[in-house]
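First chain written, first letter: the chains are A, B, C and D, and each begins at residue 1.
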């Protein structure tokens, strides 16, 4: 059972796809229910693994020979195994994925058309996301990575808003380029070492002039790391590779943005940590300053531009850019506090942006607008929605007691040790974050009511689940961060060992 | 027999080939174009036969090859003309530069 | 040559060719004598059966060691076997397409020709892949070419078809002439037309004058053959011809003909020139000329990929678009040729196989979608998901595979090519980068088709016409979808087969 | 004392309970809040009395592990904490009680109580924190509570703006605190107060770093305690309900800055420069706010400026090494300022306006409120025998003894101003004729007057815990077993007390002349010195200055960045796309349909290849 545990976890949404395929496409409620139910097995299994503790993750490893290029069986080279496994970091992200997927499935009640296709793609997307975090070799990772791309293209392009096709193309091309660069890196590694397994690669790269199929110069390693940075920089996104995600944030249906902003962006951070730090620790050290600078630039750039937006979705989009800056800041710090902060930020932002986008979906459903000026005084008609929105914003701006603070704090804690002046500049971002979030959220919820809220219902029963669940998780992490840091402990130790610190 | 060096044959072939190519690429009349192509193929034949006789390792295969080439050239011309006739029925022209309904 | 020698040959090695030849002959005779109202689709089915029989015969031969007969002019080695497999499968699928092909102006009276010319072309490709001699190589090539010329113009009363055939034959003949010219030099320098003998003679030539001549011969051969491959610089005919020709013919040109082109490229160019010295002195005397020419092929590959993908962006005609896409794919394959790594054969074979399924499948769908009104604008695909969901999904799979998305055979193929490009020392980083960059560019037009199919509303709203899919085409599409996905998920079914049967070259 | 951690949890319980079930309880929510804060108060008193006989108690658990470092959470009961616990829970309880009357009839009554609970929880959590990190966490949470309560009337644009302003201005300070705290962490390796003090003591931190971190932490205090230049949010915060002003913006939260400096006093004490900065900022704020208070017309704003001014006093005390004086004034101020606000609330409740020019003659109508207000006024003015007198005196002595002569005289002038504007307020509100159409003015219900009476008593007697006459019990207790905090009582020249008394009486007298007896024209200043008046009335145009500089700069930067976004980032993308597209156009142009052109291209290609081959291969020599 343990051996197949992860495979079942990752591929369980396929069951839902199969069931959906057999259903007539007109039964809206049934389809939505099945779509929701299909996300549950993964959630349950992920939670089982999480509760099982992070000390016994090895037992979930699975390795089956899959593809073998060339005729080098004797040397055991150029083979791509189907290998899944977990460490603390990926476990945390898998749980996050499963949770947000389930909640996004609930948020999908607002989807208006072609539910069947929607949920089939949705579930496929979930498979991709789960697989990305569970994969144990680069090529498998890449395959899952690309599997996320295609459903996203359709989900944006078909169920999005007015400029959906443009957004879908933006998404496709940017991410296509990102994954193209990633593929080159992967293939260089694979072709020149004959293996794609993370651990094997990490070992090979750690040794100078290791005995590989083709030689590996230090310059090449450095080049590969820079390429990785760009590849994941598109995903994260890092300034100036971010414009695509603005369109996606604005045009995609909110349930999908929950996944996009909550998880897909995190793959960038995951990749940087898992591959950048994991495989090229030596070279990573030399770009740490660059990362930190990029992080600060991201943080400030996103924050200042968020300040100017009139559409709340745009505010959140820029806010995502800004918050991903904190991830970079943490990574750039390259010490335990920083890296842990970055990972925390990954999780925390996932939850917070999912919450905020769910709420966007809630009021967009009712008012068909997300322009801040048109929504003033929402607290009058929809006090609960407004309240949660405010809570989300406070979480996002790093109010202690919520997850955003812990991550922000640790990231800065880390950076201050290494580059205090840069960190101090970055701190301006903390202020601006408060400024733009309050401007936007108070602009929508407080003040004079601009419209008639009489006929509008507040949060409905089913809408409570995601909101409450997300907020509870946000507060749980904020109040008791050990829930997250304990599973991460051993992973961090490994990373720090690789970094030689 | 000996007076003429192989380079002369080769040059002749090359010149013929180039003339053929020039014709094939510039003439408006499709029939001329087909004939030019025949020239190019015949240039090859000269090469083959010259090599067969005066090459470094003379052998008969060159001449055999030339025979095949001649046969194929004939077939090509035949097919070419047949297609031209079919085209002419529909298009009422044999000018090659007018066959540009499909482009870009 | 007496009867004994004649009988002493292992003619069994030519069984597939004989079967095809026989069936083609039978078909042409039946077609000639059959009454006008005779349903000639039966001929197609016979042809299909013939190809299957040839396939069976070929499979039977896999156990046999390398056989050479007819004074080394026909050579059944592992290389020939594995590539013939692709050719036969491709031809079989295209035959299914041809059977289901019904253009609006009707072409019942030529239908028979259609089938046996297809077989003749196939025969040409098979001869090419087995030939061990320039002459047979050339004859095979011409058999293919001549059949293709006629096939391109098979829609006699359809102007674009005529025009495409005319363009095809003129460019094709020039290419033939160029190739032949190159071959004549090859013969002149080595004094033989036999490839095996050439590989013996060539290493002994150590005069820089020869290597220069060999270089020129190489370029002429390469450019001449690039016509068949539809790669730069001889690619420009492809869009026009693909557009004008009947759809199954287009599929034939883009799949079988291209495969044959690569077969001959490897058979002749790679083998011959890897045995030629780059020069007389120093390092040159130990490096094969081919390695010196690598950069030239690389440039051609790069140009091909860029041209194919970039111009494809502007196409509205689906077949034209696929022509450019086909050019681009030939460029990818050239990358594999350029890198000349240990993975070269494997990657080219696998990619051609993958390309076969995805492209034939795509053309099958195109044929169905454009059959009604000869309108080949991509807007024809609008709302296809609503009208014919399964067909749309199948097309989606083909397109994703063409775009190289994981889970499909196209992805594994690209992966394999990358490995080759990146393993060699020095690695072809720029070429690999260019390949992947142009792949991303290709997303634009591939996903443009998907956009049409899945996002756009159907132009014929309201009435959802149920298309009747001819059995043959349905089967072909089914096989293609299955193969595309199966080789994407379990590529080792194919790769292991390849390694078992292709222990090595020569 | 071992269970002191439970004190903050009562109000938290109140918050959670009311959030979930408040809607059903309606106005009965008040009882939940009152009972739970009372529980806190009682337990706080128990802890305080225990603390008299027991040493400091501290307990902590691991909160978060970062590598080898364990960040802890816990609580500590030392003298200052115990005292603060009582002050906070007491004022909170009283405000809870008062609000039952004041907020009567408000549709979101239960939300108000929930927020009060949240705030009280955070404030109590803040004062028991044993380390900087935890302090920071609750520090931010009190800010959030304050933000929610200021914006309680969310439908008012002013409330929205004020809430936003309060949050952002304090956050600017918070960032200073955050930076300071993190820098300190990397010096000390811990956030624990004990560890920090020990490091300071051992000289493990360089002097420059001490000054830097101390000043950065002080920046946090500046934001929270409304010190110049981050003071402007506090007067605006008066948009919140009046009980909130009493609790948060008078007695507790704004004093948190003072508390923080006091709690970290050994750190500050180690750097003379830091102390000096604090003293200067404090004194300057005191005089600045007091001068603005002279001319304001809104009853709550006058009180708000007086709060700012008094907080300046406390900072001045701390900056002059007057630890006891600062904490002492913090305590007395909490009582009398809370009293003043509650009384002001009672007035507003009665007349439904906040403009003092529309009030007058309320002495007779508000028989209970008026005397209580007077008590508060006397206390704040530093009239002898009231609590403010003793604490202010301590401050002046500390300043003088520390040698800050100039600051001393500033403080004296500020004391004069204070006396003047407070009595101006008193006279305008309670004496003279009723100026507006106040038809039915009723005294507030007992639920509102009871807290005022309690505070009134405290405003009088609280000063006697630390007097030069009856002993400096508080001071001695506060500094016991900690030398770093200085002495329990600082001896100063006796004339200071006299000067203080004289200036406050002078202020009162002047106010009486103008507003009571009206022997001096009220618009004396307005007419004679319109410029000065306008500057004062417009609060030295500081808000406008910020608007012109910081806000404009931010907007400008935003504009530049959005230019970069549109034209450079997007522009580059468009350029690349354009190039690809352009290549496509050129390519398809070349594809002109002429079959001979195709052949030509192939031939040219061949020729080029051969030529290059010939050239590079060196075959053409």
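Criterion: contacts are C-beta pairs under 8 Å (C-beta built on N, C-alpha and C of every residue); 3 or more make two chains touch, one makes a residue touch a chain.
This is a predicted model, so every value here is computed, not measured.
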Quiz item: Would you say A-C or B-C is joined by more C-beta pairs in contact?
Solution: B-C
Practice problem: With chain centres taken as the means of their Cα atoms, state the distance from subunit B to subunit C in Å. | Solution: 25
Quiz item: Between subunit A and subunit C, what is the gap in Å from one C-alpha centre to the other?
Solution: 43
Quiz prompt | CA centroid of subunit A to CA centroid of subunit D, Å | solution = 37
Quiz item: Once you find the CA centre of subunit B and the CA centre of subunit D, what distance in Å lies between them?
Solution: 96
Quiz item: Multi-chain contacts in subunit B: which residues touch at least two other chains?
Solution: 21, 24-25, 33, 96, 99, 101-104
Quiz item: Which residues belonging to subunit A are in contact with no fewer than two other chains?
Solution: none
Self-check item: Contacts with 2+ other chains: residues of subunit D
Solution: 588, 591, 593, 595-596, 599, 603
Self-check item: Interchain pairs in contact, sorted by label
Solution: A-C, A-D, B-C, B-D, C-D
Quiz item: Can you list the residues on subunit D that touch subunit B in the complex?
Solution: 588-589, 591-596, 599-600, 603
Quiz item: Which positions of subunit B touch subunit D when the two form their complex?
Solution: 21, 24-26, 33, 96-97, 99-104
Quiz prompt | Contact set on subunit D toward subunit C in their complex | solution = 580-581, 583-585, 587-588, 590-591, 593, 595-599, 601-606, 609-610, 612-614, 617, 619
Practice problem: Under the touch definition given earlier, write down the residues of subunit A that touch subunit D in their complex. | Solution: 239-240, 242-243, 301, 304-305, 307-308, 335-337, 340, 377, 379-380, 394, 399-401, 405-406, 409-410, 412-413, 416-417, 420, 423-424, 427-428, 430-432, 434-435, 438-439, 442, 445-449, 480-482, 485-486, 489, 492, 496
Exercise. Mind listing the subunit C positions that touch subunit B in their complex?
Key: 134-135, 138-139, 142, 145-146, 149-150, 153, 156-160, 162-167, 169-170, 173-174, 176-178, 180-181, 183-185, 187-194, 201, 239-240, 243-244, 314-315, 320
